[in-house]
Amino acid sequence: MDLVERTQAALAGIFPESAAAATPPAGEGGQEAPPRERGVLAVDPARHGCHFDVLCRPDEVAAVAIVLDREGFFLETISGVDWLDKGQFEVVYDYSRLGGEHCRVMVHALVDRGEPVVPTISDVFPAADWHERETFDFYGIHFQGHPHLIRILLPEDADFHPLRKDYMP
Amino acid sequence: METSMWRALLYLVGLLIFAGVNAAWLGWCERKGAARIQRRIGPCEAGFAGLLQPLADGLKLMSKQLLVPQGVDGIIFRVAPVLAMIPAITSMAVIPFSENIGARAMELSVLLLFALASIGMISILLGGWASGNKYAIISAARSVSQSLAYEIPMLLTVITVVLISGSINLREIAIDQQGGFWHWNIFRLKNGHFLTMWISFIIFFICSVAETNRAPFDMAEAESELVAGFMTEYSSMGFGLFMMGEYLNIVVGACLTATLFLGGWDCPFGLTPGVWWFVVKIYALIFTFIWIRWTYPRTQIYRLLNLSWKILIPFSMANLLVTAALIKVF
Amino acid sequence: MSGYWSDIVTGGKSLVTGLAITAREFFRPVVTEQYPWEVPTMTPLFRGHIELIGSEETGEPNCVVCGMCQRACPSGCISLDGKKNESGKGKALTRYILDFTKCSLCGSCVESCNFNALRFSRDYNLVSFDKDDFIMDLMNRLEEQNRCKR
Amino acid sequence: MTVPVHLRHDETFVLNLGPQHPATHGVLRVKLTMDGEYVVKAEPVLGYIHRMHEKMAESGTFAQFMPYTARMDYLHALAFNHGWALVVEKAAGIEVPERAEYIRVITVELNRIASHLLWWAAFLLDLGGFTPLLYAFDDRERIIDLLERVTGSRLTYCYLRFGGVYNDIDDEFITGARDFIKRLRGRLPRLYHDLVTHNIILIKRIENIGFITSEQCRRYGATGPVARGSGINYDIRKNEPYSVYPEFDFDVPVFDEGDSMARYMVRMHEIEQSMRIIEQALDKLPGGPVMGKAPKMLKPEAGYYYSAVETARGSLGHRLVCNGDKAPYKLKLRSPTFSNLSLFGEVAEGMMLADALAFMGSLDLVIPEIDR
């Protein structure tokens, strides 16, 4: 079983109820598609740059991270997205493999804009420590369980989150 | 009484001029030398070939404010740079420049020189300590351990020279080496001392590089780790005095090496001994100091101590034993 | 113990090699240029700040005030104004201000220009104590260049 | 050299390394808790040159962000140009002519050599050797002169365009590049290696200093020469080929030791490999246009796009989120040294100050890229 299949199987294990449904044609990972069920979606890496697009609930983020950690992935980055008109924040995790077979996985979760709380994965990947601090810094998303969630790039006395779409300097 | 008074005054003025010129223009030499090694031109704007650069630098330093930061130990902070200069100038008094030129031919001149050299280390310790700066304190601590480690092999190698010459008077050590390079301590043919003395020379030279805090052993200054080490808080001529003290220490180190190992004022071919040979030797040695500094990266403090305790001290001890044996045998 | 001796031997050799290399470099010619006395040749593509191109005959700017450069600029350092031509066709430039303090010399403005109205100047000696000196009126500059040409 | 924990004392002091410090190459600040000369805890404090490039990207068009990319990693600016061009071309489906791809590879690799040379110089400066700095600058200056011929700027290039490059290369550039490679091939062993790499002081200084295991690399997401120095064979140019890299024959230098010397050797070998790539690219350089068809105003389809390139410091990722507008809805830059530096705290623990700084130098930090 090659890596891509193995990864898909491992990820599908987290979403038992939607595992069977999550195989629409590749290349449909856009957010304009009708609201998607959470689950694993295989996308065209040549177009979107990753093999799997995993949408999950915020509380499943850590579970996905543990699975990917077991499969030998590393965390590339964490980014926040502010969907102002939907009233939601999105946290996007990018995973990749260090050497060997190549596979990229994008994991994203939507949280309510009013109360943005996502569990931390810094206990799984220490790399997430700084990336989560950065996302907190720019979006004000709280990563529950983070050991040291303070501002990283902005001055410690800043009282704004500049990448929120409603932030006006 | 009358003549000795004039003599003392003459030597005082002469030595001060010698020290001042060296302290100023060695900086120029260093910058030019470094520039040529790095294929640059170096100072070239102030005067012909930038020769007036030291004056310009001096003027600049003097026109700056002598900043004494809050919380420093005021007296020690001010005394330290002076303490860096004075021993270096004082030790020049016992250096025999030629058979007849030399302020004072003391019987114990080698001993005096090493006593004064240790004061140089104390100036770094005091300057670093008084600054109340963490970098400066680390630098002070480093400089003490470095000095301790390197004075031992240095003195051990000097003992070999003293054994051969049978004197601890620099002038007599030099006179003992007259008559061509095969009489110099480093190549001494008599009694087969050339077998060990070149090792002594190398050890002594490494130690004098370390003693003068020059790269690759500039642990106390270490600009990429400790900013400027003990000099971090010094501005204006406080800094200037430390720099001048450093150059004067180099001059003293070179004079000592030339006298102990390279026959002092002796001509290599046994022809025309004189002060000019001494000058040629010390400047060749000083150039080597500069050359080494601009060739190697800096070493690490524990590597430096390892080098001393694990390589230099065993070697110099073995050397001492062999030299003593050679003297006994022949 | 063998490491001890080989360290001393190979280490000593490497140190001597290093000294030999710096000694070799010591006697080779310098590679630096003494800037104010020697000026390096400038590449044809050198990007200075932008300037207006005047037409060959009249010396009037080629600019038709389309505003493409203004829109292309990532840092918003170009501001320009124009008025209707007397002939009623097209527009003539009346004001072209470059705020060089914001310019990042990316050249997007020159690239976006379809009317051969902008180019890079070859000034590199830009020094001033006053920030306002770098808010340049390019119309004035063009007039001055025209005067010099005459 | 590390000391066992039980040998340390209770009295510690805090040493502020930076933001103004000769060894941090910019405005990085590291809060060091020291016990004498031993580092007990190291905590990098970032953000002193933070400029919020991600917000700038959102507030302009796609093309308007191109000049800013070069301001992040000013040492390997063309790779940042390349990364941004790649992700936007991927999103908007723009084709790039073959000649432009070759020119991109040639200039990016030249820039990579320049970056490694400058790292070498700065690393030696960290270790207190000043002369190598100027030898490396001599060579680097020649690269910059070459790149200035085609790009028009010397450091912060804005050379790549969506669908091609800004300017074609000429014969003078090609002969210049060949001459330069010939020159550097001669100088690498006789000057760089003989003067520095084989020098016993340097070897003793960086060997066995700053061990990073491959597992640490994975957990912290370290890439580039840092990962390759820890035995991880990971180079995006090979593992996830982009542009025309698959057409060239080059090796990925991997060293298993994981110490600072391994990272040093990886970079020195990468210079050689980059020269090989450039030579092959110059030999195979096809004709044709350097600019393909690209719409003036880009409006990529809504969606998530990710693209990675290999810069001199590791994997640079762009996470682009589009909503069909003419501006990026969200751009996240995954800068390589941000992740590489996050290792520092864990690895530097127990080191001596000078070793910690040598280790930091071996990570090849470019602060504007960390802070973005």
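A few remarks follow.
The chains carry the letters A, B, C and D, assigned in the order they are written, with residues numbered from 1 in each.
Note that contacts are C-beta pairs under 8 Å (C-beta built on N, C-alpha and C of every residue); 3 or more make two chains touch, one makes a residue touch a chain.
Since the structure is predicted, the reported quantities are computational estimates derived from the model, not experimental observations.
Among the chains present, the centre nearest to the common Cα mean is that of D.
Comparing mean CA positions across the assembly, the chain most remote from subunit A is B. Centre-to-centre separation between subunit C and subunit D, using Cα means, comes to 25 Å. Note: centroid distance subunit B to subunit D, computed from Cα atoms, is 43 Å. Between subunit A and subunit B the centroid-to-centroid distance comes to 63 Å (mean Cα coordinates, whole Å).
Multi-chain contact residues, meaning those touching two or more other chains, occur in subunit C at positions 15, 18, 21-22, 25, 31. With touch defined as above, residues shared between interfaces to two or more other chains in subunit B number as follows: 37-40, 294-296.
Within subunit A, not a single residue touches two or more of the remaining chains. Interchain contacts (touch definition given at top) occur between A-D, B-C, B-D, C-D. Contact residues on subunit A toward subunit D in their complex (touch as defined above): 29-32, 46-50, 53, 72, 74-77, 79-82, 92, 94, 96, 98-100, 102, 104, 106, 108, 125-127, 129-130, 138, 151-155, 162-163. Considering their complex, residues 34, 37-40, 134-135, 138, 141-142, 215-216, 218, 222-225, 227, 294-303 of subunit B touch subunit D.
Residues 4, 8, 15, 18-19, 21-23, 25-26, 28-32, 34 of subunit C touch subunit B in their complex. Every residue of subunit D that touches subunit A in the complex is listed here, in rising order: 46-47, 50, 52, 54-55, 58, 87, 90, 214, 217-221, 223, 227, 232-234, 239-240, 301-308, 315, 317, 319, 321, 323-324, 329-330, 332, 334, 338-339, 342, 346, 371-372. Subunit D meets subunit C in the complex at residues 56, 60, 63-68, 71, 131, 135, 138, 148-153, 156, 158, 166-167, 190-191, 194-195, 198-201.
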